[in-house]
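As written, the chain order gives the labels A, B, C, D, E and F, with residue 1 at the start of each chain.
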Amino acid sequence: MKKVEAIIRTHKLDDVKSALVEAGIEGMTVLEVRGFGRQKGHTEMYRGTEYAVDFVPKAKLEVIVANEKLQDAINAILKAAQTGNVGDGKIFVSDIADSIRIRTGEMGEEAL
Amino acid sequence: MKKVEAIIRTHKLDDVKSALVEAGIEGMTVLEVRGFGRQKGHTEMYRGTEYAVDFVPKAKLEVIVANEKLQDAINAILKAAQTGNVGDGKIFVSDIADSIRIRTGEMGEEAL
Amino acid sequence: MKKVEAIIRTHKLDDVKSALVEAGIEGMTVLEVRGFGRQKGHTEMYRGTEYAVDFVPKAKLEVIVANEKLQDAINAILKAAQTGNVGDGKIFVSDIADSIRIRTGEMGEEAL
Amino acid sequence: MSYLRNGCALLCVIFLIGVPLSALAQDVAAPNAEEQVELAPGESEDISTEDGYASESLSPEEENQELADQEVVNAARAGHTGWMLVCCALVLFMTAPGLAMFYGGLVRKKNIVSVLMQCLFLMGLMSVVWAICGFSFAFGGEGLYFGNTDHLFMKGLTMADGSLNYEISSDVSDLTFAIFQGMFFIITPALICGAFAERMKFSTMALFSVLWGLIVYCPICHWVWDGGILAHGEETSWAGGALDFAGGTVVHISSGVSALVACILIGKRMGFGSEPMPPHNLTYTVLGAAMLWVGWFGFNAGSELASNDAATMAFAVTHLSAAAGVVGWTVLEWAVHKKPTALGAASGAIAGLVCITPAAGFVQPMPAILMGFIAGILCFFAVTTMKNKLGYDDSLDAFGVHGIGGTIGALLTGIFASSQVNGVDGSVEQFTGQLVSVIVTVVYAGGVSWILLKILDKTMGLRVDEESETRGLDLSEHGEEGYIWL
Amino acid sequence: MSYLRNGCALLCVIFLIGVPLSALAQDVAAPNAEEQVELAPGESEDISTEDGYASESLSPEEENQELADQEVVNAARAGHTGWMLVCCALVLFMTAPGLAMFYGGLVRKKNIVSVLMQCLFLMGLMSVVWAICGFSFAFGGEGLYFGNTDHLFMKGLTMADGSLNYEISSDVSDLTFAIFQGMFFIITPALICGAFAERMKFSTMALFSVLWGLIVYCPICHWVWDGGILAHGEETSWAGGALDFAGGTVVHISSGVSALVACILIGKRMGFGSEPMPPHNLTYTVLGAAMLWVGWFGFNAGSELASNDAATMAFAVTHLSAAAGVVGWTVLEWAVHKKPTALGAASGAIAGLVCITPAAGFVQPMPAILMGFIAGILCFFAVTTMKNKLGYDDSLDAFGVHGIGGTIGALLTGIFASSQVNGVDGSVEQFTGQLVSVIVTVVYAGGVSWILLKILDKTMGLRVDEESETRGLDLSEHGEEGYIWL
Amino acid sequence: MSYLRNGCALLCVIFLIGVPLSALAQDVAAPNAEEQVELAPGESEDISTEDGYASESLSPEEENQELADQEVVNAARAGHTGWMLVCCALVLFMTAPGLAMFYGGLVRKKNIVSVLMQCLFLMGLMSVVWAICGFSFAFGGEGLYFGNTDHLFMKGLTMADGSLNYEISSDVSDLTFAIFQGMFFIITPALICGAFAERMKFSTMALFSVLWGLIVYCPICHWVWDGGILAHGEETSWAGGALDFAGGTVVHISSGVSALVACILIGKRMGFGSEPMPPHNLTYTVLGAAMLWVGWFGFNAGSELASNDAATMAFAVTHLSAAAGVVGWTVLEWAVHKKPTALGAASGAIAGLVCITPAAGFVQPMPAILMGFIAGILCFFAVTTMKNKLGYDDSLDAFGVHGIGGTIGALLTGIFASSQVNGVDGSVEQFTGQLVSVIVTVVYAGGVSWILLKILDKTMGLRVDEESETRGLDLSEHGEEGYIWL
């Protein structure tokens, strides 16, 4: 099994979710994160004091998939999350050793 | 070392924490997340416009454990987080290459 | 590629970010988390009812780096995040199988 | 689903009867109006009925004098009316934003909307019920036990060719009085909501509030403030009747006791005692307490029904009692629990305000400070120690603050009342009168609430199901979330 | 950048002209003052001009009597003035915190500051404009179509040796009247902001508000309330003129229609219909609605310009209509959508308040309940069904609530007005007068707003760019965030 | 721990003395009461003492006339009293929710409760202190430098058989006056809290506020408003005394300067200059500013102590100055920093309000606009440029807004005062009087605050420890969190 972590624009979340569901993915977890990268943050000004806010709000999606669905998932995300502008985000893939469904105790790909 | 990521119901957090502590785990990190899966979300209605909110609030627990404690940790989580209803969540296990305690610079299992 | 996950004190975030940027890291993602460990939480009191809050607010930094930059990143974090008091946090290192830049589709270390 | 239909049905019935009858009400008023016009001779549109009656056979000079006197009366009324309208607004301000914020901050995030909705909906529902029949039941006629139906649909309070009657008080019109009292009819059931917060069905809450208002509040109100069995100084009163300036008995004890009954009958919140249930937004609670404090000036000083020295004194003692409540609760907590909390300060303010409510027009400033201080201390023990010992789950301490604070206030009024303020001194007799009124109110409000809730429990059900409670009332009852930060 | 300069320039010009002229204004006032002093004989400093004029040739006795009468008038004025100043404060309270919270809660988090800023900045800007010229344009002179320049820089409203004129109303001074009306001048354009929220340029909004205020609001205000073509009971009025007690036409229809035009011209929000745009902070919206309710008493009852029976009646019907609006909207929604929502209750309250605004001084309580109920129901359909059908994006339903609610109210006033309240009965003629005033207001406000916005669109641009809209107006227009939770 | 005990001890002592003495106070009042009763002949309960004295040897006719006159006076008092009670409520409303929200929004999330708690606790503590001794120290007797002990425990302000004295003002009772002034006694130290926010020990803050109130505020108040060395128009006054209508010197300069001293002595917040410290909830700040604006009408117009033309004028200029402050600050910021911020608009409003405070009863509308505009601009520079240059950490700009704004206002009052408003014209002499009063206030308030804080620093400590500051005062001082979103 693989873990796909995708950092995307927050307002793309619904599109990406739909794309993943279409690609046959049935579960996923989303986190609110703040990202630092090529995309610039912004400055805020309070009573003349300027704050540079370098972190940009992003959504992070974690999807654990069976190996054979990995490519589908990646493609789905790529298609739905791309705008072509700096700040579209990244996808990171890593290995998952095991997975368990708490409700039933099922293990492995069964659990997804 | 292993990383145990458990996505659980938010109100089970305290129980799971206690179970883990009993199982000899001394550190963990919790994240607020929103999950999509078999458990249904809800609909909200604002001035006649209906919004389907598919994501359900969940807590995600990250625990890095020495290999020999892995099973204990999993069992503790399973026992404390189970309700038997859809939405109990998942446990994912993966490998951790190294760990360091920032305060002391200790490495490996010492650092946990 | 490696994933460096560092759990640090929230108010050290800016320092750590700067240190990482100096070490040549160009991207990172931050999450708000709550940690349980040796550092004690606090108690709150509402109309005579005491609540023990065991979880302490922390920032979690996720940085994916090329293998050769791993040590630099770790050192940067260690240096910037250390105060010497309990609660400085941990660094966990794991493997990343692949990474993709959504905007361009670039893969591997190119994508970072 | 059926309880929902019940609720709707009730409301619809009220309206279906009310709307056609409303036309009638106007027609009924019209003849009165004409009558008055005939009686009032002068050109001045402002002459009120009372004087009209007397003026039939006066010489022109006397008439002139009377007109001039009337001008003076009207001038004073401008002051009284303006003040009382402001007080009406202040009392409404207490329910929302005041109480809504105060209570809203105390619940968990998933139930914030439900609390706000209870307050706001009661502002609508109870006001309509008050106009249709509540006022008449509470303030109609001279019965010892209950009002009458003379003022259904605000009959007799409507305008007859530009003038409103001045029967109840000589300083403000009956309509002003009715609006002012109507604001009390809103906040009293809203206070009860604190006891069953986070688990009560909205539909049952609405129906209960209407029934409670008509069956519990209106009679007690009539007993104490409209010549009934607890009215002070009436021969027919039990034990000489009670001093209750602004509603210690009528509002706070009645709602506090009913709250206790309600929270016992509905049972504890799921997870009570095991899960943490801290206030989700303490800032709301503190700000709401401050708003209640401000609004309470309308509640207490407004209960003088005029803008005069007595209102000033009521204002002053209200302020000082609240202040002393803050000091009392906070300092005690500081000593006992090592930290002074903002929630403590806010609770102390409310305790002080509740306690001074029955006494506001009867005591001097220094005793008011003492009363607030005592209330702060005793309510502190009530919500921290007593509640835990007895083990009921009064979610937001409606009983602990309003029931206990109101009782303390009612009793202390019998001790600290000073004849210099309003002609009544504290005495053993007065204390007895207070005690009797407390007991009567506790028994009646508690008993009827118990019966009402039992019936509602059997028919509509008091409590949402477990799934709904876990998810939070905001989503399950209203389909809304309080905050959407994304 | 250029639009920014434009905006600044405008403001600076106002000030550059205003400041030196202000000195002038004082000088002009001075002679008046002296005149008055000479005329007023008695020792009393409080004697007002009018009486001064008449008193030149009176016997000492008569003079004494007159002084005594004057004392009575002054006593009444103390009441009226106090009440009206409170009403001024209440109406300001409506714009912020009231409307600011109500609207602010409804937008997405990224635009909360922009909404608050619109309200707060308009409080500043419109007040200054009102003092400099708005009041004079709206209430100056006797023209049928427009005011005059007699009161530029508040000339004639300033103090001449301690006294303020009492020309407009005999109960409160002209300055009191001017401040009160100035508060309306703030909230009316602020209401429009609901329509183009989350995408309008701040600079254009500011300039539009000033122009709209002077070109749309002032004339309509003059037509209805200062003897213009829609004034009730004037011979020169069209169709006999309209009853508009507190601004159903002047405030709500004018702003509601302009809001509709504005949201059509500026276009839908990006992602409208595809992305969810739920209220980010429903608690603000509910609390804001409650504050609006409280403040509205100043708006409606204050429009009587005195503290008397009519003000009491206006207060009562305002309260009851709001209450019935809550009940109407909520119960209907409950029936149709299965859940009663807090947003529904809040919207119903506002609908009821808007609807009763033109009628507040003309109807009895029971019809007021009916009006609120009808408004709750029709506005519910307007914002749920009609808006979706027609497909415009009125972000916060400024048109759906104020435009529709105001129109319903204006028309129903022509039906439910009762001569017992203010001498006017509902009738076909009155209904026609109401209808004509609605049509005139809709056509004029809509038309001029359309032209204004078209011009502004071509010159400054109405809308922020896409990047800014996505990021949120808080950051792009103001460089601030509403909440920083870390 | 020991400082905690100190604080508690202090409070307890106050109460231990106060409670028994309170009984005494009532006894002392009683004889007075009887005296009055004997003197007052008529049946009317409302006759006030003054007239009672004169009426001993009048013919029945004259007595009748006098009674009639008294009725007129009472009618006027109804208006004045109602208005002043509302003003009292409005000034309390300023401290909380107003100031609490305004300041609360500006701090970091971890300190929000501490700010709210400071405001709420001071509402309690300072009110009790005021009743016990503060009023007497400030307004007792005729001393040039300090009040006396005549009114300890509100002696002489309590009720003697239904009546309150009317010595201080003929329009409202002494008790009304005392409550009104008591509200000022709350907000003034609360303003100082803005300077040492986020790091001050709660116990030290409480003790400091009490001491500061008694040693700094009461004397200054006495000097300016009770015939002391800065009172306007007294022969004994320095440089002819100062015009200070509603507290530019007494409230704003005194608190602003003390704030500066405090923030210098306590030192900068940890991380000041390196860590970002943006407002955690700008919505609170904007809403709080709006509430302050509304409440300020009570503060300024209420300072007329009557509901009359002068109050109207004070209301008008207050509103316009605030409005111009918004415009001034915002437009300047827009030009300089390219974006108009909501925090700027809010700050500008407060700057305008502070600046007009001393002038409210003395200037005409157009100069008021100018004053607000100037204050907006100068305060903008004070908090953006000057503060950065000088490098002190005035967390919430208590000095920058209240100190600077108050000084500007005090000085400009000497220029813009117009004899048409209140008999005094701006002049070189008047300006000198203003300047002297500013200097005296700055020196005295600054000096005594410095000494007080030095002593407290040595004994109790001013500042929480580093760990507590990092964690936030909410947890370390109060054991509470402001928001619990989970």
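Of note:
Simple rule for what comes next: a residue touches a chain if its C-beta (ideal position, glycine included) is under 8 Å from a C-beta of that chain, and two chains touch if they have at least 3 such contacts.
The model shown is predicted, which means the values in this text are computed figures rather than measured ones.
Steps from chain B to chain E, minimised over paths through touching chains, total 1. Interface comparison, A-F versus B-D: the pair with the greater number of contacting C-beta pairs is A-F. Here the CA centre of chain A is 18 Å from the CA centre of chain B. Computed from the mean C-alpha positions, the centre of chain C lies at a distance of 48 Å from the centre of chain F. For the pair chain C and chain D, the distance between mean C-alpha positions equals 54 Å. For chain C, the set of residues that touch two or more other chains comprises 31-32, 44-46, 94-95.
Within chain E, contacts with two or more other chains are made by residues 72, 75-80, 82-83, 86, 276, 278-279, 337, 339, 341, 343, 479-481, 483, 485-486.
Under the stated contact rule, the graph of chain-to-chain touches falls outside the line, ring, star and complete shapes.
Inter-chain contacts occur between A-B, A-C, A-E, A-F, B-C, B-D, B-E, C-D, C-F, D-E, D-F, E-F. Of all residues in chain B, only 11, 14, 42-46 touch chain D in the complex they form. Against chain A, the residues of chain E that register as touching in their complex are 271, 275-276, 470-471, 475, 479-481. Against chain E, in their complex, chain B makes its touches with residues 44-49, 51. The residues of chain F lying in touch with chain A in their complex are 276, 278-279, 337, 339, 341, 343-344, 347, 380, 383-385, 388, 397. On chain A, the positions that touch chain C within their shared complex are 2, 6-8, 31-38, 54-55, 58, 60, 74, 77-78, 81-95.
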